[in-house]
Amino acid sequence: MITTYLFYLLSFLAIMFALMVVLSKNPVHSVLYLVLTFFTIAGHYVLLNAQFLAAVHIIVYAGAIMVLFLFVIMLLNLNKETEPHKSIWLKVSATIASGLLLVVLVGSLKGAETIQSTNVFDPNIGLIQNLGKTLFKDFLLPFEVSSILLLAAMVGAVMLGKKSIK
Amino acid sequence: MKALILLSSLGVIALLAEIFSFKKLLYPLVLLGLIATFIVNMFDWNATYNVYFNMMRYDNYAVAFTSVILVIAFLWFLMSESYFQEETSRTDHFALILFALAGTVIMVSYTNMTMLFLGIEILSIPMYILAGSKKDDVLSNESAFKYLIMGAFATGFLLFGITLIYGSTGSFDLTEIKDFVTAHQGNIPSIFYAGVLLMLIGLSFKVSAAPFHFWAPDVYQGAPTVITAFMATIVKTAAFAAFLRLFSTCFAEVSGAWTHIVWVMAAITLLIGNITAVLQTSTKRMLAYSSVAHAGYMLLALLAGNEYSNSAILFYAAAYSIGSIGTFCVLNIVSSSKGSDVVDSFNGLGKSNPLLAFVMTVALLSLAGIPPTAGFFAKYYIFTAAFQAGYASLVLIAILTSLIGVYYYFRIIIAMYFKESVDAEITVQANHKLLLIVVVIAIIALGLFPDCLIRLL
Amino acid sequence: MSAIQIVPIEWYLLLSTVLFTIGVLGVLFRRNAIIIFMSIELMLNAVNLLLVAFSSYLSDSKGQVFVFFIMAVAAAEVAVGLAVLMMVYRNTKSSDIEVMTKLKW
Amino acid sequence: MIKLVCLIPLFPLIGFVIIGLFGKNLSKGLVSIIGCGSVLSAFAIALGIFLELIGQAEKSVTINLFSWITAGQLSIPFSFLIDPLSSLFLLIITGVGFLIHVYSSGYMSHDEGFSRFFAYLNLFIFFMLLLVLGSNYLIMFVGWEGVGLCSYLLIGFWFKNTAYNNAAKKAFVMNRIGDLGFLLGIILIFVTFGSITYHDVFEQAKNMASGNPVLTSITLLLFIGAMGKSAQLPLYTWLPDAMAGPTPVSALIHAATMVTAGIYMIARSNILYTLSPFTMEVVAIIGVCTALFAATIGLAQNDIKKVLAYSTVSQLGYMFLGLGIGAYTGAVFHVMTHAFFKALLFLGAGSVIHAMSGEQDIRSMGGLKKHLPITHITFLLGTLAIVGFPGFSGFFSKDEILAHAWEHNKLLWFLGILGAAMTTFYMFRLYFLTFKGNFRGTHDQEHHLHESPMSMTIPLVVLAILSVVGGLVGIPEVLGGKHFLEEFLKPVFEDSSFRLAHHLAPETEYMLMAVAITVMAVSLYYAYTVYVKNKTLPAAEGEELQPLHQLVYKKYWVDELYENVITKPLNVISEGLYKVVDNQVDGIVNGVGIMVKRVSAGIRLVQTGNIGFYVFVMVISIVLILFTRLL
Amino acid sequence: MITIALIFFPLLAALLLLLVKGQQVKNIALGAAIIEFVIAIYALTQFQHTANTQFEVSYFWIYSLGIHFHVGMDGISLLMVLLTTFLVPIIILTSSKTEYKNPSLFYSLILFMQMALIGVFVSLDGFLFYVFWELALIPIYFICLLWGGENRAKITFKFFIYTLAGSLLMLAGLIYLYQHTEGRHSFNIAALYKAGQSLDVIHQGYVFWAMFMAFAIKMPVFPFHTWQPDTYTTAPTQGTMLLSGIMLKMGAYGVIRWLLPVAPLGVEHWMNTAIILSVIGIVYASCIAIVQKDFKRLIAYSSIAHVGLISAGILALNVQGLQGAMIQMVSHGINVVGLFFIVDIIQKRTNTREIASLGGIRNVNPQFAVLFLIVLLGSVALPLTNGFIGEFLLLNGVYQYNAWVCAFAGLSVILGAVYMLRSYQSIMLGETNIITSSFAPLAGSEKTVLIILCAAIIAFGIYPKPLLDITEPAVIKLVEGIKLAIGK
């Protein structure tokens, strides 16, 4: 029972914060709202027995990525005043567009109940042990490959970041 | 697999070169590495095997596409030596390109959504960076930026699609998904279809099919010419290989859900790509639009979904890429010597440098699809495939639009041979000469003996 | 005791769809590149959430593993993205996407 | 002898080739020897063949040279046909042709184009012989167009003069109009009979019902050809203009031979015509109309050659009248006599012009009789012959035609007589004004007057004799003669003749002759009173004429009519097609290109460069794509 | 084997020519062309006068698509090959007095073109045919673009696009047929015939139009002719000769070989439209020719008129018409080359093609006048010239289709005389003027060319049988085949 209410609460908060991310005038606020959104999502993870993932989520997103964002915003010294805004018409049309998107997505997603899970429910799949097994057995290759990805990203970020000598 | 390992280690070596300072050797080293990779890759021919729990399958499809990509990459390196001269970050450039190549290898051989996703990203992220590698050039920045934002945005949809498919089938593995589809014919959950469509959207962004092509012209124009060439040839080839691999294997049986959409997309792509290219003044941008158009032709093969499709895409990609490499090489030489890439900068090239003009002509004829060039047979083959599958009307559109294509390609030819210009000779380096001659020979040879390529698949 | 046993999967679908759409809205709505990035992150997280939901609904850990990769990619993209953004800012002194319209037609 | 027939056209051809290639280097004497010699030798052979033909029973011999055109069942041999008709024409052509060659060697002696002239003449003879010798319609057509070419070349002989060139062009084009009809006729013949060889065609035609529409259309088409070539209404206007050529040409081509090709053709295909009465009527009516029409014009002309030209047209009209009423022999007979006296008249005129150093207007002549005695005598004889003075050749031939006309239709006969009266008038008008009275030309012209050289007078004499005695070959039975010509030509016309038998009571014939003679005498006397007694002169240029006279003098403004009804509109239409239609058609083509550019100019604006917009469009299209799932 | 030689010898020569520099180029090119002609003559001597395809060679080319390198010659092909090989040396010879910049390229393009043309005429595989068909377009395009007159870029490009559009339609048609070949798909001509004839009227109609458009544009038939006058006018003389003398025949040949047997029902169903168009074209073009001021342009239009008659004769579907078309293609090739050469001669000496501004040339150069006259007579189809044979047979053929159409078409006989004589008169006759008074005599090579052409004109006019015999069996077989397919 509790979980249901928690679900509703978290969902509500998640949507609220997410909207605030989009709507708040001040970039810094947006970042903070995004962090909050992530926390709510982490909460969902916990509800779904994905505790490890929740932890990682907090660490990676709230811990690393968001800090990075915040850092950049500070660096560029963005704030309410410098924040550019679209004309009202564009905003309206944007809202309508995404509204339509929502409608069609929801419309085309109905009927998920037809999915039948084959294997019996196992509460432990979210545990680090299972994940580890899957990750380092079935998904070893992606795991390795993603190292290339990160390496590339790192090299690239550095390359772009450093001032070019003239 | 071997190719993947070799390429990524080559990338790492490139990075080490910075530390152990054998930068000078790097360029030849990479060329040799590519050749080695090519040879090694050839050992996998007909030796179909799966790696790491069906993450990738090295079937002939993978090998063929890998080889094509490697060849093009080799040519590309020949063309863009100067790009790697810049002191500060040449090794980074090498590394990024090589990683990107590794990504393409994954994209042509994946059998798991995870690999597809990673492959796309491994290919894209270096591209985002390289597009902006002219750091002080605002246009270069802009192109990188546009590419990045829109790429990430599209990735979102791709992932959403993957998720939905996972949700409905409980697997990321193509074969399992395929089995699921065959098993549940009739009562496939609707979210599966939604997933298919979302993946379609994500991938058609990558292959720059209208209406998800908007990034292409801007990015192509802004990026350094060599990178544009890379995107236009290798990236496109890989993207199409991935696209086809996915849709011809596990989504073939639900083709009812997506063919009509691809039909429309192909038509729009053909029309927009070709028509918009007509009035472009910047050659680079014109070629960008033309590459959009070519995506349209390849979509035809994808749509056909018959025994021709694989070889059609393979051949078309090869023909188109070789042609583009030639074109971009000449464009690069000309624009760097004239300091502008507008069509008029080709004026009088026929006199001032017959070789360049000749190669350009052949390459353009190939892109325009005039016999006996490779481009002609590629188009012809695609048309046959589509016709076979009963898309006659689409073929008709394709034919008419290719006529428009002729129009804008010939603007350059006319400029080269008809218009007069006063400026002096253009000198061409040896490796460029080599490249150009190879390109011409390849175009003609493929045009005259296409069988050698299409019989692979 | 997992929420998935009580809460039907549709709700999760709906929730993540809404979040995803909000992300899209953000991309459409704002001009500040950074906010746009964040909106994209939001989209990715919506996907993550859905993945996790599915994975525990199907009692299959692959879904959660996939989330790792998404995170990795997201991190990489953000890193690169912000680097690009810095570079752009260096040249244009702005993070407004509408100043970047030199390439057109 | 008959075996040698292919030599007949060969000689002139050789002559043409030699003169044409080396004429520049040869002396005039040699040229004229080759020119005349080739024709003479042709004449010799023709004569031989003629006599042989009279001798032998086999009246029609075909000589095959080689197979010319073959396509499917169509196979056209290049072969010659010798029969009375062709051999007769051979004689006329080579004979008269030879005389005119001789004449020309004198007449043209001062012209720098001497050798060219002879080359053309020989070429003409060649084609003319081909025309009559051919054993099928296509060979005839070859000669037909060939002579057309030669007449083109010879009319425009003095090619520096634009008026002459125009006349030449006019002649060629008008002939072409006829030729098209002829060609279509030939094709129709092939389509109908599966062959175009005379023999096969006639054999099959014999067994066809009279008035068969196919035959009618064939004959009509052929007749169109004849109209063009033989200058019948409405295609006659080229002939008077053709007088632009040197006088011998007018004599040979535009009087004696070429213009009679039409008659030859119809006589040749007589059986076809006999079987299509309708066409016969048409031919007869056209013929008589032409005869009258041309005669009226002739009444008022002042150019000596023009008068003769119109008289030629009207005489040709008589011949067609003859054909139209089935008097094939008569027509051919008249062709022959006409060849003699008309050639004579033209050559005489030529001699006059020669003497008058180029002057052709009879108003500035007169009293030439004492200066040019031979010319005068011969010309007089010619005139008598043409007006049908009893005993002269013209009398018999014309009489025969008129007799048939009477039998066929009284009106036709009356019109014929009327024409004859006019002929008499204008011919004597011409004669009186030229030779009688006293000289009206300038002084130095008078000083320069002289009789022509032997080379010119001898042909005159010969022709004069012929035109006097030429009629003797066809004296009708009623005058106690036996119609040699009819006998001779019987085999050619027998299939027709039993269909239109010709029986006229002797007394009617006498009556007709009497009428003809009286009419002739009356109008002769009238002409005499007008031009000799009262010494009236034709009005000078620009002088006011009474309307009728003016109408005739201006040749009924037919040329102007054609100019305004055909030539100008054609040019206007063509101009329109070129300037308007062609541009429109091209405009459509270019329009496509322009349209593409327009569209391109529009579409490229969609690429605004604004990420926001791009993403927006992408989202919208995603919405649309997903929407298809909801359908 | 000999067919292979015919195709690849010019290519070889063309490539070699690219290496040569300087004065020798012309002579080498000429030599090569003459050798080619000799080969063709040799082929003629080896040729048996039957309907069979001879000198046949067939290799797999693109195995996986059933495309063969399949070439061979029956009478029809052989005649076209003879025409090509006869004209090309002459065309090269005509240029001997003209100095083109970069001659080696110029002549190698001509020879390259010859290769493509011969390929078109001998190929017995649909795909191969198409490839050669397009291949022929490239050299001529560059010849016109590089050495053409004013405003060439626009005009030649229009020509290129226009003809390409047609060809692409043909390609669609070919693919369509290919899809209907039974068993393992193949482009073999026999298979395509079979496939085409298996279709019903409607679909054969589609095929007909897809193919006919290509040929109609190439010939060109009204109203697809608008590229032609400009292109002919602006192209360099040799280019114009190639276009009008040979390339135009590709269209007619295409109709005979690739249209009639492929879609007999379609042809029968649409022949009225097509023939009417052709015939309209005849009169239309003739009328326009009358009012032309530029002599070259006038000839261009006259060429449209002639080709209109040819296509009408072909579509009339009877032996006479087809034979006429064959012979007329040869004669037209000879005559039109002669005429364009005459234009060239005049233009070189007077720097104008304006009919009105010329005149009296005959006074200065009678020899030229005579030769000109003969060529002219050939083109107005005077008997005993080659033009007449063709025109007679063609009219004959059209007449069997419909008398009135034939009569209408026959107007060209009159109009032709009108415009030709008109221009001859005002160019050659009359008094000389400043431009023409110093009209230089003919050079040796010019004389040679004109004399050869005139000889041909008269020879074939007097004795066309050899030519007719070459094609007759094949034509008869073709016609019977079609009649059979139509079911008459």
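The letters A, B, C, D and E name the chains in turn, as written, and every chain counts its residues from 1.
Going forward, a residue touches a chain if its C-beta (ideal position, glycine included) is under 8 Å from a C-beta of that chain, and two chains touch if they have at least 3 such contacts.
Predicted, not measured: the structure shown is a model, and the values here were computed from it.
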Note = Co-neighbours of chain C and chain E resolve to B, D
Note = Note: chains that touch chain A and chain D both are B, C
Query = Max contacts between which two chains?
reply = A-C
Query = Which chain lies at the heart of the structure, taking centres as C-alpha averages?
reply = E
Note = Taking each chain's mean CA coordinate, chain B and chain E are separated, in whole Å, by 43
Inquiry  = Can you compute the centre-to-centre distance for chain A and chain E, using the mean CA position of each chain? Integer Å is fine.
reply    = 71
Request  = Compute the distance, rounded to whole Å, between the mean C-alpha positions of chain D and chain E.
outcome  = 38
Key: Separation of chain C from chain D, taking each centre as the mean of its C-alpha atoms, in whole Å   = 99
Ask   = Which chain D residues touch at least two other chains?
value = 593, 604, 607, 609, 611-612, 615-616, 619, 622, 626, 629
Task = Could you check chain C for residues that touch two or more other chains and list them?
result = 9, 13, 20, 23-24, 27-28, 31, 37, 57-58, 60, 62, 69, 73, 76-77, 80, 83-85, 87, 97-98, 100, 102-104
Query = Where in chain A do residues touch two or more other chains at once?
reply = 86, 94, 97-98, 101, 105, 108-110, 112, 115, 117-118, 138-139, 142, 146, 149, 152-153, 156-158, 160
Ask   = Name the touching chain pairs, please: which are they?
value = A-B, A-C, A-D, B-C, B-D, B-E, C-D, D-E
Message = Using the touch definition from the top, list the residues of chain A that touch chain B in their complex.
response = 105, 108-112, 114-115, 117-118, 137-142, 145-146, 148-149, 151-153, 155-160, 162, 164-166
Task = Show which residues of chain B lie in contact with chain C when the two form their complex.
result = 113-114, 117-118, 121, 125, 128-129, 132, 135-136, 138-139, 141-146, 148-149, 152-153, 155-156, 159-160, 162-164, 166-167, 170-172, 191, 217-219, 221-222
Request  = Flag every residue of chain C that touches chain B in the complex, lowest number first.
outcome  = 9, 13, 20, 23-24, 27, 33, 36-37, 40, 43-44, 46-47, 50-51, 54, 57-58, 60, 62-63, 66, 69-70, 73, 76-77, 80-81, 83-85, 87-88, 90-92, 97, 100, 102-104
Task = Would you mind writing out the residues of chain D in touch with chain A in their complex?
result = 612, 616, 619-620, 622-623, 626-627, 629-630
Key: Sites on chain D touched by chain B in the complex   = 593, 596-597, 599-601, 603-604, 607, 609, 611, 614-615, 617-618, 621-622, 625-626, 628-629
